[in-house]
Amino acid sequence: MSVPEGLPPMEYRFLGRSGLKVSALSLGGWLTYGGHVEEENTFACMKAAYDIGVNFFDCAETYSAGESERVMGRAINKFGWKRNDLVISTKIYWGSAFGDNPVNNVGLSRKHIVEGTNAALERLGLSYVDLIYAHRADRDTPMEETVRAFNHIIETGKAFYWGTSEWDADEISHAWRVADRLGLVGPVMEQPHYNMLVRNKVEKEYEHLYESTGLGLTTFSPLKLGILTGKYNDGVPKDSRLGASTDKFVEGFNKNVGDEKWQKEIEIVKNLKPIADKLEVTQAALALAWVLRNKNVSSAITGASRPEQVYESAKAFAVVKKLTPEILDEIDVVLGNKPPVLVRRY
Amino acid sequence: MSVPEGLPPMEYRFLGRSGLKVSALSLGGWLTYGGHVEEENTFACMKAAYDIGVNFFDCAETYSAGESERVMGRAINKFGWKRNDLVISTKIYWGSAFGDNPVNNVGLSRKHIVEGTNAALERLGLSYVDLIYAHRADRDTPMEETVRAFNHIIETGKAFYWGTSEWDADEISHAWRVADRLGLVGPVMEQPHYNMLVRNKVEKEYEHLYESTGLGLTTFSPLKLGILTGKYNDGVPKDSRLGASTDKFVEGFNKNVGDEKWQKEIEIVKNLKPIADKLEVTQAALALAWVLRNKNVSSAITGASRPEQVYESAKAFAVVKKLTPEILDEIDVVLGNKPPVLVRRY
Amino acid sequence: MSVPEGLPPMEYRFLGRSGLKVSALSLGGWLTYGGHVEEENTFACMKAAYDIGVNFFDCAETYSAGESERVMGRAINKFGWKRNDLVISTKIYWGSAFGDNPVNNVGLSRKHIVEGTNAALERLGLSYVDLIYAHRADRDTPMEETVRAFNHIIETGKAFYWGTSEWDADEISHAWRVADRLGLVGPVMEQPHYNMLVRNKVEKEYEHLYESTGLGLTTFSPLKLGILTGKYNDGVPKDSRLGASTDKFVEGFNKNVGDEKWQKEIEIVKNLKPIADKLEVTQAALALAWVLRNKNVSSAITGASRPEQVYESAKAFAVVKKLTPEILDEIDVVLGNKPPVLVRRY
Amino acid sequence: MSVPEGLPPMEYRFLGRSGLKVSALSLGGWLTYGGHVEEENTFACMKAAYDIGVNFFDCAETYSAGESERVMGRAINKFGWKRNDLVISTKIYWGSAFGDNPVNNVGLSRKHIVEGTNAALERLGLSYVDLIYAHRADRDTPMEETVRAFNHIIETGKAFYWGTSEWDADEISHAWRVADRLGLVGPVMEQPHYNMLVRNKVEKEYEHLYESTGLGLTTFSPLKLGILTGKYNDGVPKDSRLGASTDKFVEGFNKNVGDEKWQKEIEIVKNLKPIADKLEVTQAALALAWVLRNKNVSSAITGASRPEQVYESAKAFAVVKKLTPEILDEIDVVLGNKPPVLVRRY
C-alpha cells in the first residue's frame, strides 16, 4: 500500500533545547511490535511511517521482552535506510522482563545501565542509538551513579543523548544539578503520558523545566489506548485489544474499564464529539492534533498495527491549524482539567 | 546434590549507597578454590550457592596465586549463567604472588592496578568484573594516583565499582576527599574482617563512613576460620586445616593457637554455647546470623569446601529473626567487646 | 611537469596559538577537486603542491558532495606520503549535500558532528584528520552541545584540533567561554573569506580574538574567484568558470556580475594594476602576497586546476617582501576599505 | 657471560612521589643501541642488566633515529621477560630524526605527541610504555596543549606516567599549574644531565620541585661521556668514541675537547683520583656512587656497550656507603661547584 495523496507534510521539531530534530509524529513499538502485531505488518507500518517522513522510532528493552527491539532492528536493516537519517531510541530500566534474575536487571545502577544498553544494541543490531531513556526513576540508586553511567554511555559512543521517562519534575531537576556539578550532561528529554485526559504533568509539573533545563518531550499514548477515538463511547467490544495485554500500564488501565472513572472519561469523550463534528474531523484526529498543538511536545509517539493507521495519524497536522484559541477554550471547558497558569518571572 | 527443602529465601542488599544489589550471603575463593579444594568440588559449591540465590562471588588476584580466579572463571562459563545475573569481584595489590618480580607487582601504583586488572580479567575469562578492590592500603603511592587509576579501570569498562579491603577509616575518607576534588568516584565498598570476636573496625572505626560516604561492607571470615563454630572448644585436632595454610593471615592466626589470646577466645566461644542452645541453633548459625544482623553489612562472604556447607550457611537467615535486643545484649555480655556508642549529630 | 627553478621557499606558520605548523600557502578542494577538475589533474596539482612544500590540504564534507574528500584521499594514498608529514582538514555542517535527508544531516548537533565526521573519514580513507571545522555557526544547537561534540571527536582520536568557518566573532568567543567553563578545548582556528576586497571580518571583527583566544586563520578565496587577477578587467568571457558553478557562494557572486557592485570592484582592480606594474609583479601575485602579509593568516588556501597555477602561487612569497608600508598605504588608498584602527589596551 | 659473584644487591627507588619503583641503576640506549653497538652486544648488555636487577630501560624516538627502540624492543621480546616486571620509557620531541619532514615532526604539539607515541610503540613492539617524556621543552606550543596531549596518551592506555627531559624548573612548575587547573596529571619525572661536573640544575634549580610537585629524577651521563672515569687524564686517544658521534649533545661536548673548559675539568678529575685511591675504588665507581648518593635521583641511567660495564656499574652501590659527610666535603672542595644552600620554610 502506498502513501495516499493529499497528506499534510511532516513537521520536524527540535528535541527540547538540543540540536536534534525529530518528526512531530513518531512510531513506537510499545504494545505492538514484537508482540501481537506480526512481523510483516510491523515492517509495513514502519515503512509507511518512513514514507510519510517519520524519522523517529521508539523502543525499549522491556517492550515485548526485547522482541520489539529485534523486529524494529530488522526493519531498519531490511529497507536499507541510512542510519544518519533515523533517530532510534531505547529505554533502560525493566531488563528483568527477559527472564533475567530481577535482582540487578532492573533499575538505574551503573551495572544495569551498561549491561542493559549493550544487550539492547545487540538486539537492535546497531552500534548506537540516538536517544537512551531511563525508563523510570530509581530512588534506590544515587542520582550521581545514574548520571555518570548515562554519560559513560554517551562518551563511549553508544548514544547521543539521554533522557527520562515518567520521572517527577524534581527528579529531573536533581539529575541536572548533579550533572552541572560534575560537568556532565543532564537529561535532554522526558517521555511522559500525555493526552486530553492526562495533562497535569506536562502542562503544570514540568513547566519550569522547559526553560530551566531545555527539556524536550516525546509523549506517549495520545489517544489513551483508543478511548479518545470515541470507539468505546457505546461500550467496550468483547474482542477489543483492551483486556488482552499483559503490560502493567494497560492492566491498570483495564481495571478501570466500566468503573466510575471510566464512565466519567467516556462522558467527556462523548462531549468532545460535537467539537470534532463542527471542525469536520474525526475524534482521533482532534485528540492527536490537540497533543501536537503543544509546542513543548517534540514528538507524539503513536502506535499502529496497520499502515492505514499511520496515514490516518498524519492527517492531524491539518487539524492543528483549526485549533483556534476559541476552539481550545471550548475543549478545555469539556475536559475540565486545565491546570492553573502559574505566574513566574525568570 | 540438590537444594534441601525448607531453606530460608536469599536476602539481597544494596552494596552501601550504590545501586547494586548483592546477596547477603556470598561465596569467596579465599583459602579454598584453586587451592586445597579440587576443581569438581569448587564447581559443586559454586553451583549450590547459585542455586540458593547467591549472586556474588568474590576473588582476588592473590588467592591461590591466581588459581582461584581461574577455577571460578571456569565455573562461571561452565554453567552458562548469564553474566548480568552475577556480581563478580577481584582484588588488586598482591600481584607478586604469581612469582612476578615483587618490585612493581605489588601495591596501588597506576602500573600495577592496570596491569593487575588486565591479568585478573584474563585469568577469569571475563571482559569485566563488577567490583574491584584495593586489597590493602598503600601509603607509598599517592592517593591521587590510586583514585585516578581505579577510575580509569571503571571508565575503560573493566569494572563498575571500586572499593577497598582492610583500609583504615581515614584512608577511605582521604580517597573520597581526593575523588571529590577531582570529580571522580570514590570507593563504594570495603571488605573487612568481621565476626563476633573482631568487631571494632566495622562497629566503631568505620561508623561515620556509612553516612558520610555511603560505604557498603562485604565482610570476610564470619566464623573466624572456624573457631566460632565451637569445633575447637575441646582442642584443635591434629588433621585440622589450621596449620596447613600458607596464607599470611592464617599463619598469623595459627601462631596464636594455644596461646593466651586463643584460650581467651575459646572461653568466649564456650560461653556462647548456652545461648545457641537456648535458640536451638548451631553455634555456626548463630555466629553467621550475628554478622548478618548488622545492616551495614551488604554481604557476608563465606567459604565452603562442600555444598552442604553452603546450604548450612543459608539457614542463618532464619536465625537472624531470633536475635532480639535481649539476646543481642546477652551475647554482648559474653563477648565483652562492644564498642561504646558515639553520640554524633550530623 | 616538475617544479620550476627559482621558486621562493615555502613558509610555515603556527596555526594561531597552537603547536601545529601549516604551510602559508595551502591547497583546497573547493569548487575544483571531485568536481570539474578530473582526477588526473587533481593528482597533478596535489603533487605539485606537495613538491613545493605545501603540507596542508583542505577539504569539506560538502565539497562536490563528498567527491572532493574521496579524490583527495586517493591522492594522499597514491603518492605514499607519510601521514605525519601532512595536515589534512575537513568540515562538518552541510552533510545533506549527499542526498541524505536534510533534517538531521545539517548543522552542529552531536548527531551530525559524530556521524558526519565518521562518514568524512571513510571517504578520505583516513583514521583521523588534523583539523576539523564547524563549517558554519548553528544558532539552533546549544553551543555546549557543539563544543562537547568536537571535544569528543578529539578525545576519540579522530582529529587533533577543531575550529570554525565563517562564524561571527561573538560566536567564537561564546564557544571559548563554554569550553573554559567545562575544562574543554575551544576552537583553535577559523576559516574566513579574506582578500583585498573582503577584509572587514579578518581585520576588524576578529581583531581581539587573536590575542584573547589565540585564533589562527586559514583564509579562502585570496583572488576572490579570479577577479583580483585582473582577468575580468575587460569583461567576463562567455566560457569563463563564473556562471558554471552550482556552489551557493559562487552563485551569489555570479549574480553580481555586471551589476553596480561588480563594476565598482572591477574599477578598483583596474586601479591596482599600476601598483603591480611598478613592482613588476602580476596582479594575482600582488593580491596573494597582500593576504600573506597579514601575520594573523596562518595559511592562505588556494585553488588550482593545473600544476602551473600552484607554482605561480608560490611566487607570491617573493612579492611579500616588496610590500613596504608605503606600498601598503598606496594599496589602501585604492581599496578604500581599510578598517579603522581600534585603540585597545589589554 | 654470567653475573659475577659478590655484586651488591640492586636498589629500587620510587620514581619521585609516584607509586612506581625503578632500579636505581638503569640502562639507556642513548649513543649505543641501534647505533655503534651491534645487536648481539645490545642483547648481551640488556640481559646482563636484567640479571643484576635492572628493571628500567630507557629509550627515545630520536636515539639512533628509532633503531634504539627497535633493537631494545626485540630484546624485550627475545628473552621472554614479563612486561609487568619491566619499566620501559621513551621520549617524544625529535621525531624528525627519521627523515620525516621536520615541520610538524618535532616539538610538543598534540599532533606530534600522538603520532610520535604511536610510531614509537610500533618500533618497540609494545602496546604501552611505562614512562613517556617530553624530550625538551617547546615554548612555541601552549603548555595546555602539551599537558592535555600527554594526559590523552595516559588515558588511552599508551603510558602510565609522563615527564620531561631537560626542562627548566619554571617550565615544570607551569605544566603542573596547567594540569592542576584542568584536573589533569602533571609531569612526574624529569630526566636531566647530572654528574660531579654538572650539578646546578639538579641541586639548585629543581630544589623546590621535589617537595612542591613530588618530582623524581632519572639522570643521564653520570660519567660525563667517560671523562669522570679518569681515562682522558693523560689525553684523548685518537680512536676514542669522542669525536665519532653525530649526536648534537656529544658534538657540543667534543668541541670542548682540549679547550680551556676541558682542561679545567681534566684538572678536577685528576684531583679526584687521590680520594678514589683512598677509598680503594675506581674513579668511575666513585663518580657513579656520587650520583646515587642523591636521594632525589630515582635512577641513574647508564650506557654500556659490553656486559662487563653493566656489572662494573653495579659495584657503585658498595661505594655509596663509603661516602661519609667528610668524604663528600672533600669532594666538594675539589669540585668547587656546590650550590649554596637555600634556606626555605615550607
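First chain written, first letter: the chains are A, B, C and D, and each begins at residue 1.
To be clear about the criterion, contacts are C-beta pairs under 8 Å (C-beta built on N, C-alpha and C of every residue); 3 or more make two chains touch, one makes a residue touch a chain.
Values in this document were obtained by computation on a predicted structure and should not be read as measured data.
Centroid analysis (C-alpha atoms only) places B farthest from subunit C.
Separating the CA-averaged centres of subunit A and subunit D is a span of 63 Å.
Between subunit A and subunit C, the centres computed from C-alpha atoms are 45 Å apart. Of all residues in subunit D, those that touch two or more other chains are 183. In terms of inter-chain touching, the protein chains here make up one closed cycle, each touching precisely two others. Taken in their complex, subunit A has these residues touching subunit C: 12, 14, 17-21, 23, 55, 82-85, 87, 130, 155, 157, 160-161, 183, 185, 214. Looking at the complex, you find that subunit C touches subunit A at residues 95, 100-101, 103-105, 107-112, 114-116, 119, 138, 140-142, 145-146, 148, 152, 155-156, 182-183.
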